[in-house]
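Below: one structure, written as structure tokens.
Read from first to last, the chains carry the letters A, B, C, D and E; within each, the first residue is number 1.
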């Protein structure tokens, strides 16, 4: 065993020195990553290019703006600031609202989802209420929240919360139901209390379910914050977009959307990192997974 | 037998079968296992052996009849029980070491103590060096041995084992059998050991129970009055052993033939 | 998707909040059957925000918008020609409300450091607030603009102290004054009040349409003008009760008395001829030139004559 | 075998005639269902009661309305109709919008999710775009859709579509990734083509994932339709609520929300029925599942 | 051997082990299986038998060396291959019948024809009457038999079997063994049969390959020149059988002992 156990570099070395036609997996990975990025960049360039061209030559930039204008708007925001203060301040406000809403909503969704997922009686009783609540339009709720919680941050957090909560809840619920009964039985036999079954079997089993929902949930949290800001606010990216709408400033609308999108991608990167850490025990599927 | 540890009294277990029918897996089963007794259970495949174990373990309630462990009716999982499933149920997200340490952790050991204990058991089942592997990185036989260590580390006073050694090569199996006997001999634990290997059954057990074809009930019970401690490999060639073996074999063969016939009838 | 139809087809009108009393003539004309009498098939839709309504106009989904006149000027800076065909009001019909708390501003000169609500940033309420402030020597950066919406969210914000004051319309004004939760600081529902606050008129509620459409569909424009001027005359010759009775019952679902009172208080803002007063248009440009970031740099290039026409209302039979 | 195979009633009969302390499972089920309904009704009554009481005696019904008023409003809508025509017409419009958006969004989400879930290269390339798109606030999109698709039904369907699509996509994607590799390998060995692996292994495996997302998705479709109607419309439940908001008609707001909720519950019941049919092969967990 | 159906030439398979290390499961393995040959593979648990089969089946590519099936290097899954996994991989959402019918369906049979064919095989593995059951309603041994039928229904010309009978009782196993031999004898299919049961290996195979402890490579290969057709049960008592058995057993015992020792060393 020991001679083979020389860390991560060993594999590359072994395969490199072997002088067989087997491809070097590290180089393959590098190549692959390069391809992926190239295609991505190409797509973005294509998209922006065709947008710019069509708007310049064919259609009316009044509605569709164009990338160069949007870019100019972004530059203006980040250098000269916006009509409602520094762009960073607005970003910070929206981010604070959505992160809080996300954290609270995800926590509540996970806890409640897992509890109801494991208790059939509770689930039977509560299910219709939760499903009904899920159908309440958030835009109406946002208005109610402004009335209940005021114009401050809390009403936006509440809006983000309800959006995140339901997205996470349904997955946590199903994830808790899908747990392999064999594993639960084994744990019980090994002496696990109910709480221990929950924490050591149900939660890890439901992890991939929960993580899947978290991927969309941060986007929802951002949306919640923006909807809240649309309903009533004094700062934030949502208000910035709303102002642009009011002033027929299409470039401003798109610029605001881009800023929000970038926020979402950053959050996504954090989540992916977390996912890779939490699901380390999985067989890696990169190289040998059958494509489709 | 006075003061049995495990007692099934007319236990019946029915399942909802396919297309809404009812499938009786175990019918009117009466069986007792005494303190420190090693009972091997053999029977045709699909007769209801695993179901019987799940009744004893408290994982499934009987449809009728009574199941008692240490004199009390089974509600939930009785204390001191260890059950090694037919399909290994190791936790995929835990390394070998942490899988084996699960039992002690559940029962309140500190992490360090549990790991220490687990390390010993990982070695005893021949997996030293694989402590940090995840189950998907192990072979079938290795996973089975993780499950074995996971069960034994708890030092159960009632041990239910469902084909524990079926995925092991002959030699490893012999080693594990010896290990099991060695461990068991001191403890006074009651063992119910399901196996398809008659040699194994006769070599290890105080008593071999032969089950009928589905639905299962006890067809016959054979005492194996071979002296202990036993050396499994040597024992195998003694005439007493062969006699016992023949006896059990005849009984079982009849049952299996019956089950075959029935299935043939169903086709017709 | 361009549903601009020939004269005679259905005409789609978008109202920037059909339930708002300041836009009452649109629904009232429909209820009175005046459109039908003109042989028009008018379909009324609603969008809560003025800007979205205009977007629908420009994209050709609707043929006319009932909204604030000032957007025609704003849109001209964006290269769009939109013109007011029927100018139903010479005043905004809005009022600056303040809370009854002791620290609330007692005049626009005290706006500095306050939080002032508007329905939406970039909307007319925003511009009016800015005009009020600048005319009273307060820099627009000295107070905080808060989006407080209208209706319940506005009232909740004011009573909770999250805004010190704000620009709104009826029935919100009446709801606040009747419960004593708010006070009127500047009443722009009447001509006098508007002149006092803004130093001139501020024509607001209007039916505006695309210049090109108007040029091509003179008949339709004329019929619309006929119907709406008739409605204006109806408003001026009938009591609030009568008007309220003509409206669909659930428009008064906030309370019949409140609704009648709101109509009564706002009614005065409507003129009876549908004609734009040129000095009013001039004043709107002055106000926007001070406050709107898009109009300010282009103030001198604006051609006001293209933002409204009296061609059709002039021809309405007396 | 055959004597025991006497249909569904056999179990009840067998256990009933056995005269053992084992409880009759059918009766137990009935009892259980009765309990569940009793608790549900109790909860609703409690909630409505406390709402009515607090509003009557303590707080201002201006914001919060009260159940009796809401009920009166509902009665009015269903008997006298609304200012924008019969309530049924409005319901039909909203329902049409949300069902179309739901169907299209779910289909697109399932197809794309499964395809990307099974193709790592495609997923790597597309993932950031999809995640970015997910963070675009729907309320802004709704405004854009009105510009792009006009005021008719299609802009509402588009709004419902984007809400549903992402909810379903992320689950279908993860579901396709979670497929047991053993099953895929076995199918390939048995001679399955890629398409067959997809239809016979991946899709059934991902079913529980997809169904979990569909539970929240219909709610989202309704929300999308309502948001679209808020942005600009001439009929529909969203408009009804929007108008109520503008007219201080708190009862109208709540009445509208209740109608939407009831729609969601009906859709939910349909989905649950579908789920039970599709997942018939599962071990039933009602009676013996360990509670938590 | 000329014209081998399966050929491994210096095949090596490495896995990424725990904590980033490299684990060599199979090292420099060279093995040929001829047309119509029945090769049994035995070796200590965890040595690399299943890995070898997955190389032949094309499910895993070798890290080094070559794997050829019918003379061509393996890319993807070779035609005519049947592989019965160590862990049954039956589809949980299909009934027994539809599970067995999967192969013919994939290969283009009509539903009715596939079901008809499947029905015969369900009966042949002794599961008649259970056609409509779902896998979770079956016992471990029954599931194995479903997998067996699933594999055999395709009539593969290369048959890889990984401990196919380990969960069956002695009698059923003997029946299945006879059935397997009967089916195979006519077809000229090449069989690679992994088992831990030496008796089974010797009784069934033309050749028994003993593998070394991990990493696996071929330690020895024993021809079993017993006459065919064989009656497994009778064969077991003939002196030729016992001789062969002893030979293989000695070779394997040595290997297992080595693997044990190494694991013991690792502990120390």
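Structural remarks
Going forward, a residue touches a chain if its C-beta (ideal position, glycine included) is under 8 Å from a C-beta of that chain, and two chains touch if they have at least 3 such contacts.
It should be emphasised that the depicted structure is a prediction, and the values quoted were computed from it without experimental measurement.
Note on connectivity: the fewest chain-to-chain touch steps from subunit B to subunit C number 2.
Listed by label, the chains touching subunit A and subunit E alike are B, D. The chain with its Cα centroid farthest from the Cα centroid of subunit E is C.
By number of C-beta pairs in contact, the leading pair of chains is A-D.
Averaging Cα coordinates per chain places subunit D and subunit E 47 Å apart. Averaged C-alpha coordinates put the centre of subunit A at 41 Å from the centre of subunit C. In terms of their C-alpha centroids, the spacing between subunit B and subunit E amounts to 26 Å. Annotation for subunit A: residues touching 2 or more other chains are 1, 63, 143, 147, 188, 230, 245, 283. Across the assembly, subunit C contributes residues 52, 55, 59, 152, 156 that each touch 2 or more other chains. Shown for subunit B are the residues in touch with two or more other chains, namely 17, 19, 23, 87, 95, 129, 134, 137, 266.
Listed in rising order, the residues of subunit E touching subunit D in the complex are 57, 59, 77, 81-83, 85, 87, 89-95, 102-103, 106-107, 129, 134, 136-137, 150-151, 154.
Interface of subunit E with subunit B (complex): residues 15, 17-19, 23, 42-50, 86-87, 95, 123, 126-130, 132-134, 137-142, 145, 162-163, 166-173, 175, 196-198, 249, 252-253, 256-257, 259-260, 263-264, 266-267.
Of all the residues in subunit A, the ones that touch subunit B in their complex are 1, 180, 182-183, 185-193, 196, 200-201, 204, 207, 279, 281-283. Looking at the complex, you find that subunit C touches subunit A at residues 49-52, 54-55, 58-59, 74-75, 78-80, 115, 120-123, 126, 144-149, 152-153, 156-157, 160, 162-163, 292-294.
Across the complex, subunit D is touched by residues 1, 3, 12, 14, 17-20, 43-48, 52-53, 55-56, 59, 61-62, 150-152, 155-156, 171, 175, 179, 248-255, 258-259 of subunit C.
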